[in-house]
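Heads up, there are several structures right after this.
Same chain, two partners: chain A is paired with chain B first, then with chain C.
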Partner chain A sequence: MTRTTEQSGKWEYAPAPESAPIEIADRYGLFIGGEFCDPSSGQWRSSISPANEQVLSDVAEAGADDVNKAIAAARDALPGWAGLSGRERGKYLFRIARRIQERARELAILETMDGGKPIKESRDVDIPLVAHHFFYYAGWADKLEYAFCGRTASPVGVCAQIIPWNFPLLMAAWKIAPALACGNTVVLKPAETTPLTALRLADILQEVGLPPGVVNIVPGGPEAGAALAGSDAIDKLAFTGSTEVGKRLAQIAAKRGIPLTLELGGKSPNILFDDAPIDQAVEGIISGIYFNQGHVCCAGSRVLVQEGIAEEVVSKLEWRMKSLRVGDPLDKNTDIGAINSAEQLARIKHFLEVGPQEGAVLHQVAGDSELPDRGFWCRPCFFTGVQPSHVIAREEIFGPVLAVMTFRTPKEAVERANNTKYGLAAGIWTDKGAKIFNIATKLKAGVVWCNTYNKFDPGSPFGGFKESGFGREGGMQGLRAYVRL
Partner chain B sequence: MVLKTYKLFINGQFPRTESGRSIKIDGLNGQALAHVCRASRKDLRNAVEAASAAQSGWAGRSAYNRGQILYRMAEMLEARAGEFTDVIASTVDDGCEAAAREVQAAIDRLVSYAGWTDKFSQMLGTHNPVAGPHYNFTVPEAIGVVGVVAPDALPLLGLVSLIAPALCAGNTVVALGSEAHPLATAIVGEVCATSDVPAGVVNLLTGLRSELVEHFAGHREIGAIHAANLPGEQAERLRAGSAENLKRVVVRAIAEPEGWYDESACHSPWWIEPLIDFKTIWHPSGI
Partner chain C sequence: MVDERAASFAKRSIKTTMKGAGLRLAVSMVDLTTLEGKDTPEKVRALCRKAVCPHEGGQIEPALPHVAAVCVYPSMVRTAKAAVAGSGVKVASVATAFPSGQYPLDGRLADVRQVVADGADEVDMVINRGAFLAGRYDEVAQEIREVKKACGPAHLKIILETGELETYDHIRRASDLAIEAAAVDGDLADGEVFIKTSTGKVSPAATMPVTLIMLEAIRDHYLATGVRIGMKPAGGIRTAKSALHYLMMVSETLDEHWLSPHLFRFGASSLVNDLVRQALKLSTGTYAAGYDTSVS
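Up next is the complex of A and B:
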């Protein structure tokens, strides 16, 4: 079928900016031993809003000395924290969850300003999940003996945790909550472009009276990350980010043989069979790739569509893509916000150039609204005519860029889906229950979304197969990385 | 007495090493007992190819059937208990009684894991109560091909203890047996060959760890490593080589010999857990 509906005469949306101004200090120090402090490195880095490139605040840049100080604080706090009863540890985590709920609006706005994601996502997805995550693991703290049949769980010790910029506060919650529930202490390094919500979390930790040193937060770049991961005073390393950096950290952890968990990149397939509910599936593809500007490690960045419905799906995708609103992340109508950084935008643009050079066809809506003058923007797009050998079909782009490919038989769909070094997530769209379970079993992926996509829950383990990393976050399985058995 | 030359066990067959190299094994009395193959990198690659080809079939069998086959291995090992005891006692200086104890424990280990095949997923897997109209559950799945690097001591029990949990979960195995006492490894191949273990599910090499660990680490078709009591330098090479391809590496430190006889530790789903990946499956619930 062809779509004749054009968007001429469509309604204009009035801007609907989120209004509550929030306080952002001119400067934020490091959070070590329960106090904010200036960095001994003497270095500060400006954190900007990617939507207008304005400086939001100057944030301390941790150097190696600062990192060591944070590790020492975590070490000092360890006996006291590990010695608390699980119930008492849990109470702190419950209180953190409560305060996050109470300050949700402030956190959502700050997350959107610092990272560029649409306010409707930070408000409805990120921050509610953050609170839920702390609440979920709070309840585990006094139940660990039930989680590990036949074994007694004890804490690992001082955990070094390095997190990315795509879900800044949510990734902090994924790392901190299970670690604390199991009696560990933490040194967390937020990403250099998005440190503000983690530091606001530090404020909440002070409010709830978390004992000093149990959580230490050291913003910084690769130097701070290397100092933290390479320290011989840490007992465990956890990282979420790119596969490239993950491999470097794995080398570091290999030298000392410390436990390591990695949640890395992906090139996740979203498979549409010809018996799928097509309109639902198209919605799933759209949210699968364009959620959070495609800055999602499990983004459904490869669509595999059965030949018979390919034309219809592509036409509906194009139509649906046109309706997405790109712009001010603080506007409640915005679907696609700002790209997180100039560096990431350049990377995405590189792939947009490479795709056509290899013979793929780019579908990108020019759009009738002008993009803002300042800030980092990329309109949503997808490629057709993509071959499995193309760079855009193999490499993680981490932007609102989709590769559409076709298949004929279920067997071919599985082969193509698994033909990647990654194995983080996969989507299956079909109305046949038996087919869902058969295909789900054959896909090499840690999360399989059937007739849905990009769903997250603290009780649901998340993590990859193959080079997408190892270890799980969420659920009972998410405790495993933070205990010795 | 016939001076036997033991071969490798790859893809259900007993090939010589393609390198043509062998190692002479002397008994405690100083007399030559047998020869074993000194496997090469090429032998390892052949073994991985066989293991990889056999993996989906092995994982696709019912857990019940995998359990029956592991139990059959225990039966066949018991049938050769005398041979194993003799071979171990003639090269390991702990006496006949210790050798017989080791053989008995290896039989028990297989029996225990035969029973775990259709149960461990009920201990490790979960149904997850998510906040929304979705049905959500997490199941353990085999990683694929597991590389086993066995310790020198307890050449039968160490090897069997590292292999059994991997097989239990539906992985196929490429194992390098005890370097110091390789004869038991060679006979385990004969146990597998007579136990309905499908070709390629268990592949056994004998040779030098110093030559082979880096190739275990570097081979991209090996998804995980299960090893124990390696010299520090070899453990580090295994981990460092695996960092490049992100395979999962477990190098256990087991107190010798008693740690290997601790059944609550070694017969545990927590020995299976490092050799699986968790898969979480979501489906909406609605009308």
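Up next is the complex of A and C:
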């Protein structure tokens, strides 16, 4: 019997969509005082899936009255919650964390549908970290006296927390978990394009029997945000989002004299020395800028590469990018999902036009997957020939767009890396340990990753220098913003 | 980042048509191997039949392809050659004092000449790990050059024995060294030289991170010279699922040219039966019992 050898050829991916069905209600109200309620504003906003522009649900839009109601509910709940022992508060947080783990798949799918990020990221990164954050701060709840030795830590009070759309549930966890551990109550405003997972968290809070009013969730747009931040009745303001909004909030907080933490934009440098393990560094570039479509405040959006290896790095980057799959975020093989909104896509496209006008060279490696007809999409790309004065080297693009620049000496690398209004994160790639310590101490950045990038851990503080904000979230340091000493 | 990247391939979801194509491709890439002191001519003939026809019985349509090669000890080359005659299955023989390589060079070269004379299409050599780990890289390279010459028309697979090299840095250096040394006499044809992870006699044998590093060395050589070196992970790949993950890694690290037995092989013995079982599951809808596939 004669048999033939298989022909070589392209091995096509079959679609592999996440198949577990989840329920999404037609409407979601505000979560105030432990109950879902209709907005007194009478306004509802459709939350769409950025991957196909279909409406997922209509979500209540909080007006100023609703926000005030939520703040009042948090105020009412404050004495009871702050009066609980740390151990009791910790029990609630542990319960929330466990319930998040149990409902992880549902939360991951919902996060992906509402925000457009690939399911492999929401499943393997976002939701596990969300649970991890609650576990971590649950552990601190009864140990605050060890975090602040010799001093008495008391809660700040009612905390207004405004979070962005890039990691919707994770940012809610970053804000809520330490606040609750320290005995505060919360009014949280999720971003207008991604409210669904925060509201699903509200469902979990009901399930675990969190006392009513301890956490209140008021979805809405800038109006709700302004009402919340501008309220006389809040004791603390925490914001993650754009530097532009952060500056306005800083003015408000300064007038009222309330404590403020800001986690804002970034234009983080990822520095490759010529003794770096190049293949690993290329992986680091990829995860640095294309993780979550580049919608990451600490994205390594400026690659600084030492002259001698620049050509090799660029060609390896192009080769590696051929295997990035852009498409349906619910497909388990998708590496890069949908851009979060039409507005953000327009902003990214603007920079893609500005770059070449300024003289930079755009490298858009054509992936072979076809993009869907509907939804918001941007193929990953990078610029070479970028000068430090270029807009694409200075402004935060918040998309899958990278600027590659070269340097000759370590001194020049540090100078260029720090030549930005931001200072959130940085990456260093070299095989020399001494060089890592030398350079890391000279970088003005809140987080410096060495021979890796975009690694997050609840035990590690995160925050910025300069216009990237102030205050730290995560770790023992993350407790500081939520206590009075 | 190596471990992370390697782990990411195992998270790829391989379904339906893609899985079917992948299983067939994997079967066609197997170097079906028996390397034991107790090997008998009859056992080698059984292996050869399995190589030519991985599954008899016609439940899988179209029939599975034959495997790429059988891999045997030098004393079994003639037996194997006769048993696979006319089928398209190649005969590979280990040589150069496999698995240790701890013999004088003359003996190792004689080993190679003998198996080629007996009809081996492919020679699987081991590098001199003692010299490599001692930093005598020129010596290792020179030996590879001489073995390559002794191979004549036979294709050469260079076993690095990564389990003994231990570190990723060593593995990358050995990969580069082997490729450079084998390529020294003018241009190589695609697939004329392979680099191979392991003898299968040392643990750990093939792993995904190690294979990834070797694939990267192959990619860099290709980008620099245009010559395609082949890759053969060997030892420890027992399931169809893990074979498909390896193929995913090849497809994303190199390109579709390497998705072919000319440039990629699995050194394995029990893998074929699991590939057959999975192919049966796709075509019949039920899993075959262990006794439904023949021993080899």
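Keep this in mind: the second predicted complex is superposed on the first by the 475 of 485 C-alpha atoms of A that agree within 3 Å, B and C clash if a C-alpha of one lies under 4 Å from a C-alpha of the other, contacts with A are read in each partner's own complex, and residues count from 1 in each chain.
Criterion: a residue touches a chain if its C-beta (ideal position, glycine included) is under 8 Å from a C-beta of that chain, and two chains touch if they have at least 3 such contacts.
Since this is a predicted model, take the numbers as computed values, not measurements.
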Give one of first, second, both or neither to describe whether A:Thr452 is in contact with chain B, with chain C, with both, or with none. both
Between chain C and chain B, which one touches more residues of chain A when both complexes sit on the common chain A? B
Given the touch rule stated above, what does A:Tyr13 touch, chain B (first), chain C (second), both, or neither? second
In the overlaid three-chain picture, which partner chain does A:Gln251 touch, first (chain B) or second (chain C), both, or neither? first
Determine, under the contact definition given at the top, whether A:Trp319 touches first (chain B), second (chain C), both, or neither. second
Touching A:Lys120 in the superposition: chain B (first), chain C (second), both, neither? second
May I ask you to decide whether A:Gly150 touches chain B, chain C, both, or neither, giving the answer as first, second, both or neither? first
Between chain B (first) and chain C (second), which does A:Gln477 come into contact with in this model arrangement: first, second, both, or neither? first
Pick one for A:Glu467: touches chain B only (first), chain C only (second), both, or neither. first
First (chain B), second (chain C), both or neither touched by A:Ala434: neither
For chain A, what residues appear in both contact lists, the one with chain B and the one with chain C? 451-452
Applying the document's contact rule, which stretches of chain A touch chain C when the two form their complex? 1-16, 120, 124, 277, 279-280, 283-284, 315, 319, 322-323, 332-333, 451-452
Show me the residue ranges of chain B that touch chain A in the complex, using the header's touch definition. 123-124, 126, 128-132, 134, 136, 138, 141, 143, 223, 235-236, 239-240, 242-246, 248-249, 251, 264, 268-270, 273, 277-284
Which chain C residues qualify as touching chain A in the complex? 1-2, 4-5, 11-19, 21-22, 24-25, 27-28, 52-53, 63-66, 68, 87-88, 213, 216, 219, 223, 247, 251-253, 255-257, 259-263
In the complex, the residues of chain A that touch chain B are 132, 148-151, 243, 246-247, 250-251, 253-255, 257, 262, 264, 423, 436, 440-441, 445-452, 455, 457, 459-463, 465-467, 469-470, 472, 475-477, 480, 485
